[in-house]
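My structure is below; once you've seen it, I'll send some questions.
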Amino acid sequence: MTINRRPEIADPEGTTVRRALEELGFEQVTSVRMDRVIHMEVAGEDRDEIQAQVTKMCEQLLANPVLEDFEIEVGG
Amino acid sequence: MRTAVVVFPGTNCEHDVVHALESLGGEADLVWHRESNLTDFDGAVLPGGFAHGDYLRTGAIARFSPVMTEISRMAAEGAPVLGICNGFQILCEAGLLAGAFIANRDLSFICSYVELEVTDAATVLTRGLEVGSRLRIPLNSYEGSWVDPTRSGRIALRYVDDPNGSQDQAAAVANMEGNVAGIMPHPERAVDELLGSTDGNLVLESFLESLVAA
Amino acid sequence: MTIEREAVHRQLGMTDTEYQSVIDILGREPRDAELAMYSVMWSEHCSYKSSRAHLGRFPTEAPWVVVGPGENAGVVDIGDGWLAAIRIESHNHPSFVEPYQGAATGVGGILRDVFTMGARPIGLWNQIRFGPLDQPRNRYLFKGVVAGIAGYGNAVGVPTVGGEVEFDPTYDANPLVNVMCLGILHRDQLVLGTAGEPGSLAILLGRATGRDGIGGASVLASASFEDESQDKRPSVQVGDPFEEKKLIEACLELYERGLVVGVQDLGAAGLSCAVSEPAGRAGVGMDVDLNAVHTREAEMTPPELLMSESQERMMAFVAPDKVEEVIAVADRWEIDSAVVGKVKQGSTLTVQHNGTTVAEIPAASLADDAPVYDRPAIRPSWLDDVRRRPEPEVDDPSRALLDLLGDPGIGSSAWVHTQYDHMLFLNTVIGPGSDASLLRVKGTNKGLAVSTDGNGRLCYLDPRIGGERLVYEAALNVAVTGARPLAVVDNLNFGSPESPEVMWQFRETIEGISRACESLGVPVVGGNVSFYNATDEVDIHPTPVVGLLGLADPMPESPPRLRRAEPGMEVWEVGPTASGSLAGSALQRVLGMDPGGIPAAPQPEMATRVIELAVALAHDVPVLHDVSDGGLAVALAEICIASSLGARIDQDVDLFSEDPHRFIAVFETGAIPLPDDLARRVGMIAGDEIILGPDVTPIPVAEAADVWHNAIPRALGL
Amino acid sequence: MTINRRPEIADPEGTTVRRALEELGFEQVTSVRMDRVIHMEVAGEDRDEIQAQVTKMCEQLLANPVLEDFEIEVGG
């Protein structure tokens, strides 16, 4: 899943990276957000069930609702 | 009056906190994070460090430790609960204090003295201090920038000069009742003139007095 | 013997003669796993084969030495039932490959060396050297190394209380990253790396074993296993300070409760070393079952399991009736544990995997029968030319001082050390930014002072004098905090030992360090050798680093500090008068000159007198500061900047020479009587300008402070 | 783009998160890898050109080639 920092929360890492890119001459970059991806292997057959479980994990632990939204993608 | 000093795997300031509280005449005992009964204690401190390595998000994993159920109970019953640095981050993750933490504005760890100003004297941290008075206490953190989109935290101490981008320059925050508080700098590191400052005593004495008052 | 077989041992870095010794020891050809074990244990890094013959020169004995070189850390008695354990280690190459993880795992390793001895680590120091910061690659390495030391040290919960940082083109493609750790323990808690009696069990504690740091083993695998396994090998090891923190606490609990007979950390040669050395020391044999090792990856082969350098692992040797308790302690601290071996009579180390014997060798042979080389040493032919090179001349002392203060190797190290937690444990009386760090020992009146010093340019011009002077400098650094020198550890960072010129530098350096230690009566209790440091195939300047532990007993109630100068105080220079030599000085480097000239020789008797005087003065004088990099001018400027006060020099003194055995004392007129033949009043604290002499342009202290504070940030473009 | 730690490189953070999930009762999770995603807005029309630029940025700054691989996806 991807855990994205909410747009209204500051992202010092993103800001720093954008500046560093600018210094390297990549001036076309207008914004940078640094987020996290968590790749998990989950045992189970039922995709809906897995999706539901992972949603729970995100709500409970993996994402902080004050700072972050999340998106889940169940792969093959 | 006994204080539980909670130790999570990765906590590292627990002995310093016990040392500081005892040097002020307090009684403090280390309590492992799997403990599920704190009824013998009158208050609790969550010390600094890197609980669970600060992995995932600072404080995120620690808040599920069994001891946190008891910390929540104490908080609800009005007992003094103080989080220092990483302990503050854990209290936020646990929802006992408003807000959350992100990396310092300059993306580097900061270990140095900072100057703080008292902005609210009705919290466990600041009772007996005067609003507007100043303290010199060491800061020691990487994820030290507090954000609170709900603006519901009660700011007890603010940085005189903004070191890390914390919202409203908040250095210490309390709940509405004032019995639960978090402070990002380390008062237990400022208890001895030989080491550079004794201003931390003021904050810790306030905590110890709150135990009696509660 | 097949052709491929021969190729394999060579690819593992073994010479034909070394391979033949293995055959002689075993009386047969080695199996894969055996070859793996000998190749790692007999590597330069583990066996010290090129250096061992010379390291014997060091004086290592003193009544207070409890454990000398040879164990994981040196241990000395500091009185009142307390011992101090100290060790230094280099992580140069890994830090070049990946600066963050390289430095981080260096910190992890040195901590294990110290808590293996039963000590709680209480302080870390780092000595880091890079090429000039105008190169982006050097900035990347510098920032990465500092972040790695901070990331690991802070999270593991041991304060980093001092160090050294230097920039010189000689380290351009070969940064030096040395880390040192100090621990303290109660006398009865000392633990050694012994396997104990037959019947004891070997319990592997900590992180799961993966294919870390076994680049070399790929040859074995490709010769005898499927080729594709090769790309499963990580090029970089990742440290886990969280695991290490738990491991420290678990081990300390084991020691406190007396549950172990011996402990050995898993370092460079991994499991091979952790089973063979303790068995060898105890004169016993051992059965090891590789299937019991908890692993991170599936299907690891015996050579991989034996050579893996996975971090954050310890081996505990435990009497059979204590095994359950030990496992319970590990469980409580939430670390993994596994019984992987059993000590037996005799001297044979037998390793099993999947029910077959993969190794059966004399345990002690891995350490004791390692080759020793006395490599040829020749004084470099270029040395005389280098020593005839010109020394700098100074027209404008104020300009020279500002150039020095703005140099990232001399200016404030705050950009570095504010990233390190240097206050944890409430012992840091003097932290980073002074001559030596001073840590109090709670519950006693004692203080432990530590200084670390290196100077590649000086040692390049004269390795013997360089080595000697490092020891004297470090000793004076601790003396100005009120501490007497107690023990030395050294980290010898050199070029290729296969070069006779490097071996000459190496031998001379050891001679120099040894002489100074003998003269001061200070033993060498441990160290580390790092060879093969070169930039563009040119060997680096010989760069020994000396770490010196001093004991202040009692610790001054109010130790001298740079910030304690007051207006009207007198400034005294104490020690011999400088010769004026600028050979190998910071000024020579800052002016862009190659190191050249003949450095001043130390004066052993003078050194002792000056050190004793400094120790005595530290109880009464508000400011004492050793004169080193940048000479008297820089030392005085540092006092002015720290005190936010000006100073005026009104005598004809040597401003920039770095000649040894000198310090500055600042105090009220008449407050302290000093011996005439050793001390000269040179000026006073006054105003808000630094005035280096009668006709010299004054420098506002604020300007000096700005240049000094921002030396590193400016060089980094921040 | 997504920046993934190479599979052979240890990921202590992922291991710790997996253990935490297990304690919370999510026992079906067999492995966790913590990776990074960088969301950027880049000015420009030509998608190939952007792809090439971003590849350069990754190589030069954003990814650590010793530890990480990267994948780039140019969106709308």
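Miscellaneous remarks
To keep things simple, chains are lettered A, B, C and D as they appear, and every chain counts its residues starting from 1.
Just so we're on the same page, contacts are C-beta pairs under 8 Å (C-beta built on N, C-alpha and C of every residue); 3 or more make two chains touch, one makes a residue touch a chain.
Note that the coordinates shown come from a computational prediction; the quantities given were computed from them, not determined experimentally.
Any chain bridging chain A and chain C, meaning touching each of them, is among B, D; the list is complete. Centre-to-centre, using mean CA coordinates, chain C is 35 Å away from chain D. Remark: chain A and chain B have CA centroids separated by 29 Å (rounded to whole angstrom). Taking each chain's centre as the mean of its C-alpha atoms, chain B lies 34 Å from chain D. If you average the Cα atoms of chain A and of chain D, the two centres end up 10 Å apart. The set of chain B residues that touch two or more partner chains comprises 52-53, 55-56, 61, 64.
Shown for chain A are the residues in touch with two or more other chains, namely 61-62.
Shared contact sites, meaning residues of chain C that touch two or more other chains, fall at 240, 242-243. By the document's touch criterion, interfaces exist between A-B, A-D, B-C, B-D, C-D. Across the complex, chain A is touched by residues 56-57, 60-61, 64, 92-93, 99-100, 102-107, 145, 147-150, 165 of chain B. Interface residues of chain A facing chain B in the complex, by the touch rule stated above, are 6, 8-13, 16, 61-62, 64, 66-67.
Those residues of chain B lying in contact with chain D across their complex are 52-53, 55-56, 61, 64.
In the complex of the two chains, the chain D residues touching chain A come out as 2, 4, 14, 17, 20-21, 24, 26, 28-44, 53, 56-57, 60-62. Residues 97-98, 101, 207, 210-212, 231-240, 242-243, 296, 310 of chain C touch chain D in their complex.
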